[in-house]
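Shared between the two complexes below is subunit A, which pairs with subunit B and subunit C, respectively.
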Partner chain A sequence: MRSTPRQKLGWGIANVVVLVIAAVPVLWLVSLSFKDPSTLTDGSFYPKKWTFENYRGIFDQPLFTHALVNSIGIAIIATVLGVTFGAMAAYAVARLEFGGKQLLIASALLIAMFPPIALVNPMFNLWRQIGLFDTWPGLIIPYMTFSLPLAIYTLSAFFREIPWDLERAAALDGATPLQAFRSVIVPLAAPGIFTTAILVFLYCWSDFVFAISLTSTNNARTVPAAIAFFTGASQFQQPTGSIAAAAVVITIPVAIVVLLFQRRIVAGLTAGAVKG
Partner chain B sequence: MRLPFGTPKMGAVAEAGAGVSVGRPRRRMLTERQRAERKLAWMLCAPAVAIMALVAVYPILYAIYLSFLRYDLRFPDDRHWIGFANYTSILSSTGLWWQAFGVTVVITVVSVTIELVLGFAVAFVMHRTLFTRGLVRTAVLIPYGIVTVVAAFSWQYAWTPGTGYLVSWFGNSTSAPLTHQWSAIAIIILAEVWKTTPFMALLLLAGLSLVPDELLRAAKVDGATAWQRFIRVIVPVMKPAILVALLFRTLDAFRIFDNIYILTQGSQNTRSVSILNYDQLFTALNLGVGSAMSVLIFIAVALIAFTFIKGFGAAAPGQDLR
Partner chain C sequence: MAEIVLDHVTKRFPDGALAVNDVNLTIADGEFVILVGPSGCGKSTTLNMIAGLEDISDGQLRIGGEVANQKTPRDRDIGMVFQNYALYPHMSVRENMAFSLKLAKEDPAKIKERVEWAAGILDLTPHLDRKPAQLSGGQRQRVAMGRVIVRTPNAFLMDEPLSNLDAKLRVQMRTEVSRLQKRLGTTTVYVTHDQVEAMTLGDRVAVMRGGEIQQVDAPEVLYDTPTNLFVAGFIGSPAMNFLPGKASGRVLKTALGDLRLPADRSRGLDGGERDVIIGIRPEHFEDAALIGTEKRDRGATIKAKIDLLESLGSDKFAYFTVQSERATAKHLEELAADAGTGDLGSGEEGVQVTARLDAASTAAEDQELEIWVDLEKLHVFDPESGENLTLGDAAKTNGSEAKTTVQRAVPATAENAEPTDQPETE
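Presenting the complex of A and B:
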């Protein structure tokens, strides 16, 4: 439907409103992180006195640097494992016929629905008994588990769209099964797998419930949990600046992923929700 | 934590396996083929099934078991079977549980309602925007992708007297909205709505793109107003997408934890059931009562899902949407 100039203006204004509302809380944190400690409580949206002190401060603290390494390592390992096992199961769900498929899907749904807080307590007990408490595997395992339903659902949606007949066509043209798989199926499946990996990574990156419950030291504490334990340079100082700086640092990877892959993320989120 | 998946694959199951059997081989061969297929399928699923069983199903059963015990870590030796006593003490007391349950229901209903309205608005904006669609999409994905704890800190500081810009715009010098129950709940809802409206909007946008333009044009020619076109044409066509979006957001909102933990720590009676559960487990160290609460939360979540799927006819994951 065509729009009149007035309607166009209206939609343009609506656009700006959406952009501003989405951006302001993030810009506010950026602003706080650059504020000089003396101006932190001036209530102004913009820093009146700029400083890098907050960033220098957090990168001097092992509490933060260890947490950053933990966050990156744990999220990447959990994503790789979750997507690998999820892709295998999704291939079976999308392409093969087997008894128990409905059961598999139902139990994946059950796990996705289960309140994570309810799993934290038995896991906390179990992890302490078997020595997984406050270790990388202690967080990787629950993240991987909770990524599996996501990976299975999203990937089976993508896999079903792949024209698998091409594999047979390649074989008829003389390609070996491995060649057909490598040069036909892998390139077709890669975008879906990549998209799923982004969604899973974002989930692992932002988890808080498991991170505060299953860790107790720098050993495995991730940044979202570590921020909650930040204290000021002295006990009379609020850690506002450090928290804001740390928050900005862990938002950077999210911003990069969103900027580069927005189309993919949207495709992944809506995969299968509606058939378009 | 967010529900760990965007939207389920509807229909993967219904059509799975189609295109596997080629031509019409003899019956016996088909059986062998089926057997091989089943074996391959189970080999492929084995790691995922093993992980989910060990890491999720076992703790779920263990939590159910604990919920029937008197098990207080302050009195670790006094640990014995007490049947439903934990449940009756939680449900019959007029105290914490019902308070937290009420707060959770208010937060869930209000935020999901606002999200639906705003989600539609944002979906329309994205739908009608041609030139800057990429920009708007990037902008709305920032709240979706950002770490919930980070966003919660942003809201917390914005409303902290002296520090925050929002409190100096909307409040007066003495107000501290996060220290009063209802204003704190309003801020929690604000944080939740900001973070999750994009998810709702993107699902609705996907549904919106399925509404045929001719249908809207025909309705317009017949003299339908914009509102009539929305209610009579757009909503019925989009019903499956709306229900799925509502189902997932409701399930998710009911389990709200991160935002409250950062914004108020549950003070001023702003505890959700998940926060109360966490306090029982890690502050009160009462594993029996805590586990019973976990089971109650799960039952509530399951009831929500059941109501949506059976009552409103939302497509269950694994079913075809249409």
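Presenting the complex of A and C:
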């Protein structure tokens, strides 16, 4: 169906409206981060007095720099572990018949439904007793647990899409199950794995509940939690500018990751595997 | 290359369904055997059991003399072409073909040489660096073949490899497959539901029904002396005509009139009165005007009004209706269900018979025609067991042992006097 100029115009306007609604808060944040503290509340969308002071300020604070390192480290480790275990579980769910399969799927769903906040109190006590409080593993473990259901569900959907005959072909070509998984399934499921990895990474990266409850020092505190501890230059000053700058800084890696892998996510890699 | 022996092989699925029941089949080294049958007859399951993709519930599978039941596909060293080709989409044609050799840790120079050799045979040389997505259906099919022939496996297994191609390409690839198999001389098991493919490709054809092998024979033998109604109805296009009748002694009372069987075709009839189903292939009818007197004597002539005439140039297909009940038997119902014609024609207006006449026939639609029936080619079946009574005892044995006995029962006519080219089975 070809669209008429009127339809094109209509869709164009609708797209612009959606873009504006989505982009304004982000742009506002960016604008705030460049504003001089004295002009913070001037109500202008554009900074009247540009400054990099906010950025310089946050990178001078060990509170923020440590938190950034913690955030990156914890999120990457949790993502790698979550996706690796998730891929294995998802492959089993998609391909094998085994006792307790329904139980596994159901409990994964249950975890996804479970409100994390309900776990914070018992975990706080438990972590303190077993020495995980305020450590990297102390955050990596809950992140992995809560991202596994997501990983299992998305990845098993991707694995199911891969024709089973490809594995059978690999088996007949002399591949062991592990070789078949590594050289046939994983490359084909790459878009799914990247998608899942990004989703899991975003979850770990932006979590606040666990980060604020299970940490107490720069040892393991991540950026979302650290931002809450920002203070102004004096007790009469709001740390709004610094918060905005920190928010912009932690958005950048996510934006880069999504842009980098966007093409892989969209690409239909399985084209041509079987007659289509 | 190796001999493959299926010794009382049975497959029972966990839900209790019996997919393959007590199959005995010996595929000689270098032989090309076709497993054919309607969908759900267990032919693909049998193939998967040979490949090692399905466990064998009961019985023994021997490849090259060694019991292979517990061997992984990798250790059986068998190549398989899948119906949907199952090419690795992220690898180029070259990598697809080299995959098995790479896994076997072959020397890179040898891998290159083997891949280029296979590509040369299959006309894939210009496409070696393309991805499967950039290839046409026929090319993908050839890559799937290439992936199998680069190494020299014990056997080739093919699971309906041509069914995804369009009709013209399928015929071309059929000859290609046949030529390749002859050239390489590798034991091949080929699964198809297309009886034309089965007839044209195989040294021997095994017809399967409900998980059991009905008959294993050379294509011509299968065509001329089917052991039962199912095989008779499945092999041949257009299909054999079936009519119910009553036998008393050598005389068959049917809607075509009283037909008197030649002595050597009535061995299975004990002389008493019984219900039978008679089967006549379309080409065993002929326009009576074109038949010499001497030949006319060994057949019967009937008069029929031609309902429809299709002229193909080389032949004419005449369709006429016979006032008769429809032949009913379990075998025929299964065939009709498979062909999707189970609910066609109520039978109230009689049974439609197809006759293949010589192109010189003057038959015309809505005209009466005198039609000659070759009684020496007529088959008589038992409606209950489906057994072919014209063959006598020869048909009762099943599997490969039956081959020699069945062949003796064939009248030495010109079409099947030629020796069939097939290796000896042990």
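Definition applied: the second predicted complex is superposed on the first by the 239 of 276 C-alpha atoms of A that agree within 3 Å, B and C clash if a C-alpha of one lies under 4 Å from a C-alpha of the other, contacts with A are read in each partner's own complex, and residues count from 1 in each chain.
Quick note on the criterion: a residue touches a chain if its C-beta (ideal position, glycine included) is under 8 Å from a C-beta of that chain, and two chains touch if they have at least 3 such contacts.
Because the structure is a prediction, the values reported are computed rather than measured.
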Partner chain(s) touched by A:V184 [first = subunit B, second = subunit C, both, neither]: second
Subunit A: partner with more touched residues, subunit B or subunit C: B
Touched partner set for A:F45, first subunit B, second subunit C, both or neither: first
Partner chain in contact with A:A169 - subunit B first, subunit C second, else both or neither: second
Touching partner for A:A255 - first (subunit B), second (subunit C), both, neither: first
First, second, both or neither for A:L104, with subunit B first and subunit C second: first
Touched partner set for A:P115, first subunit B, second subunit C, both or neither: first
Which of subunit B and subunit C A:I76 touches, first, second, both or neither: neither
Contact residues common to both interfaces of subunit A (with subunit B and with subunit C): 165, 269-275
Touch list for subunit A against partner subunit B, complex: 1, 3, 11, 14-15, 18-19, 21-23, 25-26, 28-29, 32, 40-41, 43-45, 85-86, 88-89, 91-102, 104-109, 111-126, 141-142, 144-150, 152-154, 156-157, 159-160, 164-165, 199, 202-203, 205-210, 212-213, 223-224, 227-228, 240, 243-244, 247, 250-251, 254-255, 257-259, 262-263, 265-266, 268-276
Touch list for subunit A against partner subunit C, complex: 163, 165-166, 168-176, 179, 183-184, 187-188, 269-275
Touch list for subunit B against partner subunit A, complex: 1-13, 15-17, 19-20, 34, 37-38, 40-42, 44-45, 47-49, 51-52, 55-60, 62-63, 66, 121-122, 125, 128-129, 132, 134-151, 153-155, 157-158, 162-165, 167-168, 194, 198-199, 202-203, 205-207, 209-210, 213, 216-217, 220, 240-241, 244-245, 251, 255, 257-258, 261-262, 274, 277-278, 281-282, 287, 290-291, 294-295, 297-298, 301-302, 305, 316-318, 321-322
In the complex with subunit A, residue positions of subunit C that touch it: 51-53, 72-74, 77-80, 82-90, 99-100, 103-104, 131-135, 137, 140, 147, 164
